[in-house]
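What follows is a single structure, and I will ask about it in a moment.
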Amino acid sequence: MCAAARLKRSGKTGLPPGTPIHIGERKADQVQLRAIDYNEDRVEERFVDDLNVGLAVPLPSGVRWVNLTGLHDLDTLKGVGDAFGLHPLVVEDIANTDQRPKVEDYEDYLYIVFKMLTYEPRAGVGSEQVSVVLGRNFVVSFQEWESDVFKPIRERIKSSKGLIRKLGSDFLVYSLLDIVVDHYFAVTEALGDEIETISEKVLANPNPATMATIHRLRRELMFLHRAVWPLREVVGGLGKKDSGLVTEATGYYIRDLYDHTVQVMDAVEIYREMMSDLADIYLSGVSNRLNTVMKVLTIIATIFIPLTFLAGVYGMNFKFFPEIGWQWGYPFFWLVCILTTVVMLVLFRRKKWL
Amino acid sequence: MCAAARLKRSGKTGLPPGTPIHIGERKADQVQLRAIDYNEDRVEERFVDDLNVGLAVPLPSGVRWVNLTGLHDLDTLKGVGDAFGLHPLVVEDIANTDQRPKVEDYEDYLYIVFKMLTYEPRAGVGSEQVSVVLGRNFVVSFQEWESDVFKPIRERIKSSKGLIRKLGSDFLVYSLLDIVVDHYFAVTEALGDEIETISEKVLANPNPATMATIHRLRRELMFLHRAVWPLREVVGGLGKKDSGLVTEATGYYIRDLYDHTVQVMDAVEIYREMMSDLADIYLSGVSNRLNTVMKVLTIIATIFIPLTFLAGVYGMNFKFFPEIGWQWGYPFFWLVCILTTVVMLVLFRRKKWL
Amino acid sequence: MCAAARLKRSGKTGLPPGTPIHIGERKADQVQLRAIDYNEDRVEERFVDDLNVGLAVPLPSGVRWVNLTGLHDLDTLKGVGDAFGLHPLVVEDIANTDQRPKVEDYEDYLYIVFKMLTYEPRAGVGSEQVSVVLGRNFVVSFQEWESDVFKPIRERIKSSKGLIRKLGSDFLVYSLLDIVVDHYFAVTEALGDEIETISEKVLANPNPATMATIHRLRRELMFLHRAVWPLREVVGGLGKKDSGLVTEATGYYIRDLYDHTVQVMDAVEIYREMMSDLADIYLSGVSNRLNTVMKVLTIIATIFIPLTFLAGVYGMNFKFFPEIGWQWGYPFFWLVCILTTVVMLVLFRRKKWL
Amino acid sequence: MCAAARLKRSGKTGLPPGTPIHIGERKADQVQLRAIDYNEDRVEERFVDDLNVGLAVPLPSGVRWVNLTGLHDLDTLKGVGDAFGLHPLVVEDIANTDQRPKVEDYEDYLYIVFKMLTYEPRAGVGSEQVSVVLGRNFVVSFQEWESDVFKPIRERIKSSKGLIRKLGSDFLVYSLLDIVVDHYFAVTEALGDEIETISEKVLANPNPATMATIHRLRRELMFLHRAVWPLREVVGGLGKKDSGLVTEATGYYIRDLYDHTVQVMDAVEIYREMMSDLADIYLSGVSNRLNTVMKVLTIIATIFIPLTFLAGVYGMNFKFFPEIGWQWGYPFFWLVCILTTVVMLVLFRRKKWL
Amino acid sequence: MCAAARLKRSGKTGLPPGTPIHIGERKADQVQLRAIDYNEDRVEERFVDDLNVGLAVPLPSGVRWVNLTGLHDLDTLKGVGDAFGLHPLVVEDIANTDQRPKVEDYEDYLYIVFKMLTYEPRAGVGSEQVSVVLGRNFVVSFQEWESDVFKPIRERIKSSKGLIRKLGSDFLVYSLLDIVVDHYFAVTEALGDEIETISEKVLANPNPATMATIHRLRRELMFLHRAVWPLREVVGGLGKKDSGLVTEATGYYIRDLYDHTVQVMDAVEIYREMMSDLADIYLSGVSNRLNTVMKVLTIIATIFIPLTFLAGVYGMNFKFFPEIGWQWGYPFFWLVCILTTVVMLVLFRRKKWL
């Protein structure tokens, strides 16, 4: 995804600002626009096919939540943008899935963009960009995928669980962010388990494959770090905005959410430190193994090279060679060999090589 | 504990905020609720079985300190929360033992959460989450374990030692935190002793086991660092809160406590630097040993390989081989061998290899 | 370019301040001065040959954009400076292509200087200094090269695409900066592709050439970092200036541009971290290969050195040598050799060296 | 000292705050209390035996400086504390020699604590804790040792050298701190000389002993760093306190002192960087030596192993062995040996191994 | 110089503050005091022999610039200090050439101290301390050497080039600093050239001498860094002082100068990063060469050790040794040798060792 998105990003060079172009993979087959109107008393959910008809229904005395899945259909995107009076730059940013998490104040509404992270054992960490517009009595959310991460919230609205029906649009946005941060916890936990596994491998049996895994995990932690760090600013910024869009009641929840993002960040930083340590341990393990290998070679060579020389000496063909004729020459040779070996082994033991 | 807590944390995904779920190990067998009411003149301590009866006793003109041990019984937890009018988010945070140390201002009360650390020679550093709620005339503390770390304070209250009976609820909270920081000193000292031991081993005789110990100590210091750093902010924040809950008299003590946490932090940072140094020294020790091993191999090989060649030469079977027939050939061979060896040894000594 | 520029820089030592001297390569053959006057209704473009005549034409009720290509002709430069009332220090800075990106407020106008980056597959990252002066109803831009990076903006002005004709001189400056940042994206993407390629090489087959490439990429990323970091401050500063030169309507666009520079910076930082990781992986790869080489040597030597000794023993010429005469001596010798080898191989397999 | 102090520190766990306990070694044999009263006209010095009598003498229109040597006698300490109305926490901190340098404002007086450093060629850096209380017309200083570091100041007071008799208690405190910082300079210089020596050794002849020295120096620099860093804050804080205890005239001197602490800090940081560099140079020196050793081994082995094989070939006992019978076989063998050796040496020279 | 200065610094321990002592080498043979009085209309230059006479001449309606070369004559120094009413601490700081660059506000005048750097190809970076006192209508500068770095400014004053005669004493100080920063550029460029040279050597042919050069350059860059960093603060502080001594007209020039110091700093930081990279590349080069050496050894040994064993086998003297008697035994032996070698070489090529 990343490479494709990047290739397209430079394709915008020279275009006038505010021109929406979809940057990123086309992840959703079909564009789907779903609207939920709710207040404390009633809930109404419907799929919108025709923008002019669907969003023209007057707003009830509550909150309207519109969710758009699939960002490649620029006409629908612009239509939704016009229906809620969004600035062209906002629509452009929504279409560009290469955004850094941020919150922007447009007086009448706040534009919030962040990354939804998921973890699949085979595929590793996956990322989806989610944009949310928070107005006084409406929330518009934009997703890349059909993955239904916001389903629990729809259920809670329908079944009127918790505070969500009592509080306004700001609490809905808080709930969306809360789900996202919960997924961050899940991703962090999954990586933590992988780190635990590799950590044991590095201490027990380091090999180049472990190094490659360490490298991959460090890379994923780096991307996680880059996603969480600005998210913290987003949540922190949301709590501090005095645009009147965030009420005091929701403020407590956002402060709580902020603590959660800090917790995720903390975990990510701990894992990053641990991975950095692991890389060092791996290298020291490699050095230790080299040492062991070299000791074996040195012990073998130091014992046998002098003996081989001695055997070579008594293999010489000199005519005048007194020892050759001695009766005890051969047993004496072996005696010397055994003595030398024993002395060497004692020396090695003293140097703690054995 | 850590792994279990993490696994449960992601189990909360999608639940409405304010739903208390116990995250962490069940460390206490039995839930125990103990209440102490005291003022300058009298002290009264009792165990509370029935929340409605036990906490319904009207407050005296002093401080009521309620301590709950065991967080897995959510009904008791919610009951205590209701009795003191705590926000649902606070109750949720108390039940979740995965918190980062923090202090939160809820106008009528402050919610403080931190880690109690203990050190066991066999088990290493252990951690327990303690939550404290500071109200105008009450303090509620929540512990995971039955470990009675707050016993000295109860004793001091009963025996009226020190200022504790004269000052209010803020001084009680200060006293609780003071005990916690004292335990941090003990943990730091214990780690310092271990570091001293390993430090000598690394200089004298580095082996892979020392590296594993270094790794373990670095990990424990990292967790200590992560516990102390936010605690400093908690204590610092407590001193700066202008909610009227912390009096000026207690302020001096909190400033003193703040200095203590900075001292602990300082010690932890020093140890972290020392461990980082030790890891480098270990690696340089490994390199030095490799050098020594290779020098031995090279000296042996450089002396004997040429001599073995020479012995091989005079072991050849050429028909026309003048030296073979010489009378002094064999003694001359040994002369050459000895001379070569001496020259080599002199050269090695000059290069400072010997 | 760099070396030449630096050599000239020290040549200014001792000259009075405000003396313009062209520092840098002469990149343009010919000095070219192009002026565009536009407002919402009409556009007029012309090349200026004689400064006194060309710039004396009275300004229309719109924006005058003057672009100078080629900075080595100091007379023209000073002429343009005088025509728009620029401070001598500004003219000196424009001529000196060794500037750090910055924005300076001279009350009547803002002086902005930054680096235009380009990427050529063969030549790597190229850099050109662009200076822009933003006045109330004029913009003067200064380029080193004839490379026509601002052509899309001229086209947009002529064809009246987007907002550019409706908004003032500040929007024109924003558009110039926007093009520059778009080029930064392109350069970052190109480097990202190179990093992807080298990253695979390092894991598959590390050799000294890969290290040299890593070194080159780190150097280019360092220069990119040094160009982007102050650019962020420039764009941020532009958004905050309250000199009345930047209108609120343009403010939203500049905030958007600021986000883009942060995105570029983020990408550069990620790449820098990845390169640092790669260097480590390269080194660990080299260590691993050394380990492999040494294992092969040790296995061969450990097996054959004892056997060679044995062969040497039975090559000795002792007169009294019982085994020599045995009938099964020779087959027995081979038996011992094969047994030793098998035992060794089993030992090596157990130590996981094979 | 460090280990002893730490062991005692945790012994305070659970004690009420404000309980003075002497933490640290008992460095002074005898407690000595010396008082100097001075103003511009006269000086009076005496040793105080009985606190009630000694300090009961009314204060003259000048400054009273009381110096206590030896902190293990808690009664005397508390007596002095009571005589000057010090807060129990201050007395507790004075007795605990494990303090971090700090300045604390108690409205009527400032409590300042810092480390006095000394350097002995044999023993390395020694440390003593000095506490100073600055009141409007009194100064109380507390030392651990009988080492008479403040003697020059007593001399200056008696001989009325410099400004010390003209200015108040704040100038006296400044003078005490000035002497301390001067000692820091001396310690830094001594370490600098040691670093110079080890620096030459590392470049000339690195061996494991140099690494141990580097390690020791890094540790001492780390402790120096930890002592100087907060001292800077102490001096800086003293200059900024607006408690009316520090006059403007003394302010200039304190600013000057602040510059001195920054200079010491700078020197310490430079030395730390240099030591870090030295450790790298040491490691690269070890690697270089390994390279040299391996080259020698490889050259010897590469020349002689093939020749030994050749000698082995002509030592074989095949019946049908044509070369054996040739008349020029043996000289030809030597010719081949010499030619091979020359070719090898030329190759090695080309690869720059020789 | 450094060592000498440091030794003397600790010699001041215990002296009253404000006692000027010359710390540093005696670099100038003769003390020289030169005064220039100038205003827009006329210039007057003279050497002052007798302080009482020379500086007693009343000041004209312009600027008096007094320059003192040689700081070891404390009487002259004190005389100049008294003539301009300087604080004793200022005179002490001027005499001590061990200062950190700083600017200090003494209400009537500013005291500025910084380092003048020069570069000599043989001697490396040299450093001289320059102190400047900026009063309303006078400037006093203090130099250690007779090196005439300020000559261009004297020339400019005499020939009335640039603004220097029109603006006041603050512009003169700016001009002095400007010359200093220009010299910094020259030093940085010279180091940059050296780095370029060593950079090529490291990639082409790393040897211990390159490591020593890298070490030397890193040390010089460290000292440069330590000189430039506070200089930036000095220039920045000068621009922000609201003592009325720096006029708005000069303010623009000082802001420009500030940018120059930032540019120097940037260059120094880039060079520091490059040197750090170079050290890594050097180490990886050493590792690579070790790898190459070991591969050669392993290839030679792996081919010849088994062959030597085989030759040893057929050199054995067993009575019952069938192969010995075979007619094709000897050619077959060679066949086996050649085949083994070819197989080995193919294997090595496959493993990319050749």
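Residue numbering begins at 1 within each chain, and the chains themselves are lettered A, B, C, D and E in the order written.
Quick note on the criterion: a residue touches a chain if its C-beta (ideal position, glycine included) is under 8 Å from a C-beta of that chain, and two chains touch if they have at least 3 such contacts.
Since this is a predicted model, take the numbers as computed values, not measurements.
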Least step count from subunit B to subunit E, where 1 means the two chains touch
2
Considered without subunit B, the complex falls into one piece
Given that subunit D and subunit E are copies and touch, would you call their interface same or different according to whether over half of its residue numbers are shared?
different
Using CA atom averages as chain centres, what separation in Å is found between subunit A and subunit C?
26
In subunit E, residues with contacts to at least two other chains
283, 287, 290, 294, 297, 301, 305, 308, 312, 315-317, 321
Chain touch graph shape: choose line, ring, star, complete or other and state it.
ring
Ring order of chains, beginning at subunit B and proceeding to subunit D:
B, D, E, C, A
Under the touch definition given earlier, write down the residues of subunit E that touch subunit C in their complex.
152-153, 156, 161-164, 174-175, 178-179, 182-183, 185-186, 189, 192-193, 196, 203, 252-253, 255-256, 259, 262-263, 266, 270, 273-274, 277, 280-281, 283-285, 287-288, 290-291, 294-295, 297-298, 301-302, 305-306, 308-309, 312-313, 315-322, 352-353
Quick one: which bits of subunit C touch subunit E in the complex? Just the residue numbers, please.
3, 6-7, 9-10, 12-19, 87, 89, 93, 98-100, 102, 104, 106, 205, 208, 211-212, 215, 218-219, 222-223, 226, 279, 282-283, 286-287, 289-290, 293-294, 296-297, 300-301, 304-305, 307-308, 311-312, 314-317, 321, 323-330, 333
